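Once you scroll down, you'll see the structures, which are given as structure tokens.
Shared between the two complexes below is subunit A, which has subunit B as its partner in the first and subunit C in the second.
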Partner chain A sequence: MRWLIHLFPLPALVIYTLFVVYPIFSAFLYSLYDWNGIKRGVFVGLQNFITLFTVEPFNEMFWNALRHNVFYFVVEMIVQNGIAFGLAFLIYRKIRGSGFLKIAYFMPRLLSVIVIGFLWKLILNPNYGALNTVLGKIGLEEWARPWLGDPDTALLAIILINCWFGIGFAMLIFLAGLQSIPEDLIEAARLDGATGWRMLWKMILPLCMPAITIMTIFTFIQAFEAFELVYAMQGSMGEPFYSTDTLAVYFYRMAFSSGAGDVTLGLGSALAVVLFFIVGSVSALSLYLMRKREVQH
Partner chain B sequence: MKQFRFRYVASIVLAAVMVVTGCSSGGTETESGGGQGGGQQVTLSMHSWRVEDTEGYKAIIKAFEADNPNIKIDFKPFKATEYNTILNTALQSDSGPDILQLRPYAPGITLAEAGHLEPLDNVPGISTIPKDVLAAATGKDGKVYGVPLSLNSTQFYYNKKIFEQNGLQAPKSWDELIATAKTLKEKGIVPISFGAKEGWLLSLSHGVIAPASYSGTNYLDKLLKGESDLKSAEFLQSVQRMQELIPYFPENYVGLELNDMRTLFATEKAAMFINGSFELEGIKKLNPDLPLDFFPMPTNDGKHVLTTWVDGSYAVNAKSKHKAEALKFMEFMATKKFGELFANQFKRISAVPGVSTDDPLVNKMAELSQSSATPYLMVVSFAEGKPTTKQTLENALQGMYLGKLTPEQVVEEVQKSAATWFPPFKK
Partner chain C sequence: MKMTVGGRAVSYVLAYIFALIALYPIVLMISSSLKTNMEIFASPLSLPKTFSLDTYKKLWEAVPFADFLWNSVFVSAMSVLLITVFSAMAAFYLSRFSFKWTGGLYFFFIVGLMIPIKLGIVPLFLLMKNLGLLNSLWSLILIYTASGIPISVFILTGFFRTLPIELEEAARIDGCSHFQVFWRVLLPLIRPALATVIIINFIHAWNDFFFPLIFIQEEALKTIPVGMMVLFGEYETDWSLLFAGLTLSALPMIVVFLMASRQFMEGLTAGAVK
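After this line comes the complex of A and B, so read on.
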């Protein structure tokens, strides 16, 4: 009866196939049709992909959204993961109250994204929001602005909120990475005279590479699939003036946009396929490249 | 032990199978209740996107059920932004409701073109509804597919008390409107409660302002025949006027949404508020004592116009198992009795002509929508395209308010969008 062991993954496999593999393949299929969401139209081959990249305003919206995703990734890498690593390092060094801090930093993660969106919308409201009020009270009135209504600040505001939300998780991953470094290696380096920054750069960071690799790929996937917070705060139009549009929001708008009869499920599916390839290939490639740089111990 | 392991595995496999089959049967099960039991009792399912109307419909449906004891109606509203997706999926899998609320104009008509709707031309009472109102649910084949429910109108609401205290009256021309706004601003009152964060409110406000620039249906006829286009002087002026109003908007207006605008007006911090008849109830709920009135838009030739359009209608699923009963309900919806129930329940203008309510403002809107109405152009004629021309206008106006586009560039964008699909422009 040993062969039965191979049946154990079956339930998971069935569910995975049904809800992940099958939709991906059907998206491939849908992307080849001209389809308004009510009745599947004619087979158009690769026309949807061509439209996506060459016809206005679809191509403009695509590059605009892609730029925002890249910006999303860069800011999250620097702000979210930078701060998270710093915090993880502090807790690793066992400063006073590190147990409490670990929980405190993780707190935002416990809230639903919709709640966070709502909360920050209130804080950033130009009329009565806490942020502008506080800026006014401390004599920085000229800094007050409609954060989410101004295209120069709206996207950055959303990304920073996302960072605030994500720091706790990133910190836990980094902390696990730091704690997996064998004590004796650090001890040996210390005996060899490594201290402070040298220790961090030459010993701790390289040994933490697996955690950093994982977090980079997580951040990349998250940044390229950014949707919930943008949708909760700015709706499906990526308002104002497409300044907060991301590929996932753009996809949602094309495939399911409601009210107006402008659903283009075929075109939306084509975008989903493109997005799938971007996320899939970049993740695989970076996993391959970064694994090579990890040191074995 | 071995046997135990086998049972364990078998139960997991069985559970998995149940999950899978459970899903598929859940998908095909119809939601329309069907006539169970021998008493010839029929239950019709009715889908809508107006969750907030649930209570009101209870009263209306009760009145219908009293006259038709063998028909029960199960009113089921869905989240407005999800409604189209839910409805489309259900109709395609033949599990749609018997009666469904239909989006007005192009989006709803596509459902009729896909063969999902029953023609209603023979329903008694339908012919009493004006043709331009029926147009919102008329297919390209000329058949009527929905009983229109209500008209929406958009206008300038204003605070009577603030106007009186400052010796102001409802303006009779564009210059008077600007002068009024200027006076209010000098007195430290926000003249117009406005926000540019939500696109749909921009096209809605433009819908109120624009008809004044092209007074009369003369221009509209030319436009819809393709003898003029959206880059014409008339249309450009309407966009320029949207820009001219900027000094009279609240501070930081680019970051404000409907909620903020409504609050500013209801708490008497702002004197005017451009919005729809559908806002009436909401404003009154926020502040029941608000001295509220409205004025229609004054035109260049000294008249005034009220912008109107049909807001949804009800249709019958072509694959309904109880078509006869569903058609009975359609018949009811075209009666004056329904119109009155509806208008009083929701404080809206009924699509059935000659219906009056207990609310003087709604009555005034209903009267003006008979005597001096103009269609909301972006919804009635330009709600097609991908993205729609209406959406393009919304975004371009947002761009204008953010200082990224000039009015000339706005009309350029809008015309470019319309030219991709609007037959008279497609040359």
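After this line comes the complex of A and C, so read on.
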């Protein structure tokens, strides 16, 4: 009966292969065909990729969405992770009420993205929303605007809402990183005369690198997969005027709501492959670099 | 580390301002759900003058919330159960035995951490159609189970490896089979890691709306997030009803969290920073 042990990984392996690996692998294959959704057409090689990058309006849409994904990543790194690290540092230095603060920061993370989307849509409503009302009350009427209807502010508004959602989780990761620093290392540095900022830059940040790297990868993956919030708030067209479009929303549009009978499934799959390579290569590279550094420790 | 008095004051102000930013929209959501539409427009920021659950009564008639709630509970509980059992079995195998293929198998599972599964949605849709699982809660359970396996195997394998091998050897000398070692000796020891896996996957399954949006058409089979989505489309002018809908969708999760906030927060980070 010793062979029975080989059955242990089997259920996980079968389900994972069938519902994760196989669909992704098929998407790779589909990207090489001219495909209309009902029947797979002729093999076209890399034609879908060439179309995606060179033919209007596909190429414009692609670069437009990619730019937004990059912007997403940059803003989240600065705003979400910057603030989260600051808050983690405050709690690490034993601020009073830290139990309550942790719960408060984490609360938004519990809401479904669909709830967050509609909640903020109501708050940002140009006529009756709470934000414009507050601005009016504190004498900043001229700042009030239709945040989500204005192409200049819509994307930033959505990314900031995403930051609001993600700060609590990022804070917990950073806090776990800070708390894993051995006390005696800090003590030794203090005896050597390190204080304040010097201590932060020379000691704490470098020792927190594992947590920072993990959060950077998470943020990157999240930024390049950004879909739910945009879809919940601005629909599948990335309104207004594609100003909030992301690669995943563009992909969804091609796969499910291309409209006007467009034949874009092969093209959509090509986009999925590109997105997969962006996310996959960056996270693989960063994991590799992280491992290497761990060895040096 | 010592802080100056000024530094300490600034720290407190910042820390509590951000707590306010995090909580205020949620408080606003709940308090608005208890107001009438008139009151929301007239004084959107103040607390409700009169406490009234009328909106919730209206909401209960507008959507089959009890159905949505049951669907969410069933899908999340089933997915979490399957993920935990299957991942623990796989992780036990991967961490306790070294056959020629265990390294490769581990790698195969871990690759899934980097796969954005949404990108396979078109083939996945066709697969579910062929399996006759469209419009079935099992389509969701299978997809959440499958996509939850990589992170869970990763966390559990790491945890199994930290357990001393002597424990098992002792158990084997006492005559335990593989299964008994796994079930009686090791599983109870990895309880913290199991909690992490359960929490991560529970939050994900409970809040997801992408897959039910695509796989579930029938009203009575919708989970809370997609079920409520219909409401948000149909009653665009009835703000108090919308806020009540949002509150009701968020409430179960908030209640669970407040009851077990420690495990939630520790669980979510336990696997991430080692």
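We take it that the second predicted complex is superposed on the first by the 277 of 297 C-alpha atoms of A that agree within 3 Å, B and C clash if a C-alpha of one lies under 4 Å from a C-alpha of the other, contacts with A are read in each partner's own complex, and residues count from 1 in each chain.
As a working rule, a contact is a pair of C-beta atoms (placed from the backbone, for glycine too) under 8 Å apart; a residue touches a chain by one contact, two chains touch by 3 or more.
All values reported here derive from a predicted model rather than from experimental measurement.
Asker: Output check: A:Asp34 vs subunit B and subunit C. Expected answer is one of first, second, both, neither. What do you get?
Answerer: After superposing on A, A:Asp34 lies clear of both subunit B and subunit C.
Asker: Looking at subunit A, which partner touches more of its residues: subunit C or subunit B?
Answerer: Touching more of subunit A: C.
Asker: By the touch definition at the top of the document, which applies to A:Leu4: first (subunit B), second (subunit C), both, or neither?
Answerer: both
Asker: May I ask you to decide whether A:Val134 touches subunit B, subunit C, both, or neither, giving the answer as first, second, both or neither?
Answerer: Second partner only, subunit C.
Asker: So, A:Phe241: does it touch subunit B (first), subunit C (second), both, or neither?
Answerer: Once the two structures are laid over each other on A, A:Phe241 reaches subunit B alone.
Asker: Figure out whether A:Ile15 sits in contact with subunit B (first) or subunit C (second), or with both, or with neither.
Answerer: both
Asker: Look at A:Arg145 in the shared chain and tell me whether it touches subunit B only, subunit C only, both, or neither; answer first, second, both or neither.
Answerer: A:Arg145: touches subunit B, not subunit C.
Asker: Mind working out whether A:Pro126 is in touch with subunit B, subunit C, both or neither, as first, second, both or neither?
Answerer: The first partner, subunit B, only.
Asker: Under the stated touch criterion, which partner chain does A:Leu90 make contact with: subunit B (first), subunit C (second), both, or neither?
Answerer: second
Asker: Following superposition on chain A, which residues of subunit A contact subunit B and also contact subunit C?
Answerer: Touching subunit B in the first complex and subunit C in the second, residues 1, 4, 8, 11, 15, 18, 256 of subunit A appear in both lists.
Asker: Which bits of subunit C are touching subunit A when the two form their complex?
Answerer: 1, 3, 11-12, 14-16, 18-19, 21-23, 25-26, 28-29, 32, 40-41, 44-45, 82, 85-87, 89-90, 92-94, 97, 105, 108-109, 112-124, 127, 142-143, 145-147, 149-150, 153, 177-179, 182, 203, 206-210, 214, 224-226, 228-229, 232, 239, 242-243, 246, 249-250, 253-254, 257-258, 261, 264-265, 268-270, 272-274
Asker: For a test of understanding, state which residues of subunit B touch subunit A in their complex under the given definition.
Answerer: For this pair, the touching residues of subunit B are 2, 5-6, 9, 12-13, 15-16, 19-20, 23, 80-85, 88, 91-92, 103, 106-108, 110-111, 114, 116, 195-199, 250-256, 260, 264, 383-388, 390-392, 394-395, 398-399, 402, 404, 416.
Asker: Would you mind writing out the residues of subunit A in touch with subunit B in their complex?
Answerer: 1, 4, 7-8, 10-11, 14-15, 18, 36-39, 56-57, 125-127, 145-151, 235-237, 239-242, 253-254, 256, 258-264, 267
Asker: Residues of subunit A touching subunit C in their complex?
Answerer: 1-2, 4-6, 8-9, 11-13, 15-16, 18-24, 26-27, 30, 83, 86-87, 90-91, 93, 95-97, 100-115, 118-120, 122-123, 128-130, 133-134, 137, 164, 167-169, 172-173, 175-177, 180, 186, 190, 195, 199, 210-211, 214, 221, 224-225, 227-228, 232, 248, 251-252, 255-256, 265, 268-269, 272-273, 275-276, 279-280, 283-284
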